[in-house]
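Below: one structure, written as structure tokens.
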Amino acid sequence: MGSVFGSLFCVSTFGESHGKAVGAVVEGCPPGMRLTESDIQKQLDRRRPGQNDLSTPRSETDTVTIYSGVERGLTLGTPIALMVPNRDQRPTDYGDMTTIPRPSHADYTYQMKYGIRATSGGGRASARETIGRVAAGAIAEKFLRERYGVEIVAWVSGVGEISAPQIDLNSVSRTEVDATAVRCPHEEAAAKMAELISAVRDDHDSIGGVVTCVCRNVPAGWGEPVFDKLEALLAQAMLSLPATKGFEFGSGFAGSAMRGSEHNDLFVKKGDGLGTRTNHSGGIQGGISNGEPIVLKIAFKPPATIGKDQKTVTIDGDPVVLQAKGRHDPCVVSRAVPVVEAMAAMVLADAALCREAICATRYPSGR
Amino acid sequence: MGSVFGSLFCVSTFGESHGKAVGAVVEGCPPGMRLTESDIQKQLDRRRPGQNDLSTPRSETDTVTIYSGVERGLTLGTPIALMVPNRDQRPTDYGDMTTIPRPSHADYTYQMKYGIRATSGGGRASARETIGRVAAGAIAEKFLRERYGVEIVAWVSGVGEISAPQIDLNSVSRTEVDATAVRCPHEEAAAKMAELISAVRDDHDSIGGVVTCVCRNVPAGWGEPVFDKLEALLAQAMLSLPATKGFEFGSGFAGSAMRGSEHNDLFVKKGDGLGTRTNHSGGIQGGISNGEPIVLKIAFKPPATIGKDQKTVTIDGDPVVLQAKGRHDPCVVSRAVPVVEAMAAMVLADAALCREAICATRYPSGR
Amino acid sequence: MGSVFGSLFCVSTFGESHGKAVGAVVEGCPPGMRLTESDIQKQLDRRRPGQNDLSTPRSETDTVTIYSGVERGLTLGTPIALMVPNRDQRPTDYGDMTTIPRPSHADYTYQMKYGIRATSGGGRASARETIGRVAAGAIAEKFLRERYGVEIVAWVSGVGEISAPQIDLNSVSRTEVDATAVRCPHEEAAAKMAELISAVRDDHDSIGGVVTCVCRNVPAGWGEPVFDKLEALLAQAMLSLPATKGFEFGSGFAGSAMRGSEHNDLFVKKGDGLGTRTNHSGGIQGGISNGEPIVLKIAFKPPATIGKDQKTVTIDGDPVVLQAKGRHDPCVVSRAVPVVEAMAAMVLADAALCREAICATRYPSGR
Amino acid sequence: MGSVFGSLFCVSTFGESHGKAVGAVVEGCPPGMRLTESDIQKQLDRRRPGQNDLSTPRSETDTVTIYSGVERGLTLGTPIALMVPNRDQRPTDYGDMTTIPRPSHADYTYQMKYGIRATSGGGRASARETIGRVAAGAIAEKFLRERYGVEIVAWVSGVGEISAPQIDLNSVSRTEVDATAVRCPHEEAAAKMAELISAVRDDHDSIGGVVTCVCRNVPAGWGEPVFDKLEALLAQAMLSLPATKGFEFGSGFAGSAMRGSEHNDLFVKKGDGLGTRTNHSGGIQGGISNGEPIVLKIAFKPPATIGKDQKTVTIDGDPVVLQAKGRHDPCVVSRAVPVVEAMAAMVLADAALCREAICATRYPSGR
């Protein structure tokens, strides 16, 4: 269990970091949509390792192939199988792993759960698993953009203690985000972040960061009440990413210090519907979108693999000094940007389909 | 969709705030467990309105009845239906609601989704819906406590700008929590919080807050990888609660400012397994519990219903001044404590059952 | 697990035969639909015991109450909780049950699965569980009828060796079906069936039978491919009913003896779409409805409770002679008629919602 | 929706008949199990076309590759991705298909549902989709056999009007089944069947048939009550196969003509538990296995593709004479044998995991 996400737009991923391939099966993509590998490759390229000297040197082109669900460039409404081969597998990099669980990795917990684990790399817990998500998310995003004009843009808003100043949520674009290697649209902050990441890397250490994401043009009425509130599924989606530690939407934790008279988003007329004067609600009220931008913030911890010695114990409890040798990023947030966008897209595409089912069948009664 | 939670320990809730009743159906509770209404009533009483002058005066005893799934005081392994009648319904309190969507409530979004909504109170978006969750959670908790010794304790760690100092996660108990009306186990902080809530109430306003929750004695190996990581389901569970804005586990957002060498939880021998020296991981690594305490933090916004005039618009966009008249809490966190505990219990009970299925069937090979 | 059915139109039932109540929660009913208890009661009355001397004398009015999801006579799109109290509980009727598992009942298997079972009656395996299904099905049916003009009619087509001659599938109505106590629209066959049931009852025995069901005006395009084919879900739905042993649709087992040239349903123009000359397909091709009537046939075994002595063994394997004392029907098919209709309605309502989600989102490309 | 099956042992398939590949993802296989491609290939070879002159000449080796979930020959507990490339694609064979929906195929209904369909072959409705099922089923079966000694054997019990005499359910083996090309373990009947199939083929026609399946050594206590009864999921599984028209277990339709005193399976002591004297229940009582052999019968219609002219209409309703040109079997039942076994294995593996979850967590109270 655990590798399936979504109800109507349903994605399942497969693949270990050092197995033959990673991939995804996407079920529920609306039929008749134009789709080619290049629609997907674009986001995979943004996630790919080795894009610049801030990320891991693992050498992978991450080229995706569509194996089903598409004919003559059009989706058939049937499951779309996507696969990316693992080329640069180096099982020997992880020699000690069988006896020494790496601190703050998933080695120990997988062993306790399954009684066995991939002997190389993080297996399913590896960031390589997110390839399937990015591929699936690119499909979700294409549908959302074409049908509803939904725009999803994520960026790095913090690295270590460095925070980017407030970005204009209504205009920030992927072009602006990709203008810097760090993927922070505020140039000055980006420079400081890059500097910090380089320093941390040279220190054989790693550093955490924060990704912010805005989803624009989401129509009012998406999301389910109670357990599947839109924010709840977005929280699940984001916290399901490796290395995440926290999630906020709208006012977030800061909202807990506010008064109702200050926090309430008063309604105003906007176009032929209603909008709100402020957006502390982060675009969602009672689990359902209200038409305002959906704004999310996700905290990522520093990568657990570092180049420093670590005093830990073997699986039998014997003291040992561990020197990690795998290839990893000093900071994950820049490459996490397309992954966060993918997860947001998957949640929203599912919500869109659920909404359409209700809109098409609800009775015209009531207001 | 949206009213069902969990895969093996599966809870669905029903009921509107001003309908005949609210309740839940719990499927998957292990058979043969002793269970009576009093096991459940205890937590419902902690959630109940009107416990003291810090909460809404709505008068409800919230008495639960078990309608199925239990015979002669033992669970049968079949669905347990639980119901609490709504006694103090006051539909007339909400006269304007049909034309004026209340700011930062779910009125507008429900209308946009369903084309109709409960004419009184929050319907499904009301905090009364959480009664079913608390009832179901009490059952989950009983199983977790009896079978694994799991202890779940939540408390108010923040109200407005007031934060409680660090509480001892290994010892904090419900007795300590319930010692103050605010439910903050730090007496001094609790007094300040109570004062603030009273002041806010007298000002016809409301205030947000933070609930922290610790789950102790969770065995290593619970949780699923990828999309259903333990932290992902906990995030979904908590963000599915009304009025929540953020979620953290372990180091949370603070962890994003840390370095790997500082954040990594080095392993040490503990009992006949491994433990960690620090617990920045918050008891979960790679989506699976590692045996250390699971620590969560949830941000709640200030209640949207306030006694002040609000300049908003009608559903047609016409300017109007809204004076709210419903009965509501100036601050929800104290009553949210048992609800947070219930959600944590539901997630963990489900993880426990999933784990047992694997443990009972995995091959003895591997380590 | 096991008490939930459907994905978008989702029904869960609860309740043991001799507990406080039985009922259902229906999630996914389109919002804004007129619904009162009387819409549901009608079908419950057709299922109710004691309607005539062919059925069990257990005295129950089976009066349903709606507890949520409906306000001022309109559905809200939220879960509809339905409950029917058990009035005529007679736990003492089943004194021996704790030590002697009744032959061909579920006593032994429930004990083996759960390690415990309801000490009276069939618990969840009782036919009383179907009350929740009938109530939920009545809601599904109302939606199908109002929105699409779908008509579902089931009847008794066989009792023991007696089979009704071919009924006109295009015209058969519930009025015709209810014209006889047996619920066979062929008067002559009905008389013979009634005679046989009376004879069997007087002989303290029981007898099996067959129910046929037709669903008219189902639009083309309902149903999912592969595992959730419309016929597959209908088969699951019907085989989930107590006492069923077989399922056919269209040509059924007889079709296995036919040649393709004879079995193929050639297309003809019908209205503004296509129809078929014959209907060996039973209204479904490749798992998806084709617009022709959907025709099902379900085999029911003779009730396991009989008034004759049975030489069996106790749970410990000791030989014993069992004399059953519970109240049961000599033949279940007449009362099964509304239950079969309910299951068909639940499957079709779910298929309708899934279809609408696709229709509302598919691209206009392709034909 | 529709391409996923099972809750704990969960299989999803993908792939169109003339796309790049077909395959499956299996989630929930117990970790630590030895597994290689050859464990799977064996059953694929039994399903493969072109095995002899009774089946379609489409030339495919159907060689499976495992892409994930297995390392060093052991399952990891993570999703197992399986793929078989389509080699002998001949899109041009189906030139007329875009305008003429083939009678009793899924062309018309897919078009009505999706507004688009695979232009060649049956797409998802093709029998090639069952490759993923057979591959997944082989994994399920290996687990069932190794852990519980479960034996699943299916065979052809009928072709056209020819029925095999009663086979010994306790001893029939795959070796006996595979002794004839028809896969009927009764030599004499097999010869007649082969003769009939050849005659039908020479007549450019097709013929239906019946497959019987026995599952031995299934422990008592597998299966869920109510909607997910073991027989209900088996019925869904079998009716989800292309070309099926009916399903029976135990006494089946014949049981509907029997009396209770004759049909009831009296208990007897067997080993250290109970067994039954007869097995009209077909190994399942109240939806849960009772330890006796589970016996199923599935009706298959004659393949819709025939070499004869068919007077039908185009998608626009214009009369046309269709001459089919695709490559197809005159009778599908022989190749359906491993597919039926696969579906039975998938249902039982899922039931096994669900059972273990309950057994590991139920309280020792009760009997």
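Residue numbering begins at 1 within each chain, and the chains themselves are lettered A, B, C and D in the order written.
Here is the rule we use: a residue touches a chain if its C-beta (ideal position, glycine included) is under 8 Å from a C-beta of that chain, and two chains touch if they have at least 3 such contacts.
Please read all numbers here as calculations on a predicted model, not as lab measurements.
Trainee: Please tell me whether the contact surfaces of subunit B and subunit C are same or different in residue numbering, using the over-half criterion.
Mentor: Same residues, largely: of all residue numbers at this interface, over half are found in both copies.
Trainee: Higher C-beta contact count, C-D or B-D?
Mentor: More C-beta contacts join the chains of C-D.
Trainee: Using mean Cα positions as chain centres, tell me which chain lies farthest from subunit B.
Mentor: Of all chains, D has its centre farthest from that of subunit B.
Trainee: What whole-number Å value describes the gap between the mean CA coordinates of subunit B and subunit C?
Mentor: 38
Trainee: Where the centres are mean C-alpha positions, what is the separation of subunit C from subunit D, in Å?
Mentor: A distance of 25 Å separates the two centres.
Trainee: Please tell me the distance, in whole Å, between the geometric centres of subunit B and subunit D computed from their C-alpha atoms.
Mentor: Inter-chain centre distance comes to 45 Å.
Trainee: Spell out, as numbers or ranges, the residues of subunit D touching 2 or more other chains.
Mentor: 1-4, 7-8, 13, 31-32, 74, 77-78, 113-117, 124, 225, 354, 358, 362-366
Trainee: For a test of understanding, state which residues of subunit D touch subunit B in their complex under the given definition.
Mentor: Against subunit B, subunit D makes touches at 7-8, 30-34, 74, 77-78, 143, 147, 225, 352-354, 356-366.
Trainee: Going by the contact rule at the top, pick out the subunit B residues touching subunit C in the complex.
Mentor: 1-4, 8, 10, 12-16, 19-23, 25, 27-28, 31-32, 65-72, 74-81, 83, 113-119, 123-124
Trainee: For subunit A, which residues count as touching subunit B in their complex?
Mentor: Residue list for subunit A touching subunit B: 1-5, 7, 13, 98, 101, 103-106, 108-117, 122, 124-125, 129, 158, 160-161, 200, 205-210, 220-229, 231-240, 242, 244-253, 255-269, 273-274, 276, 280-282, 284-291, 299-306, 308, 310-313, 315, 317, 354-355, 358, 362-367.
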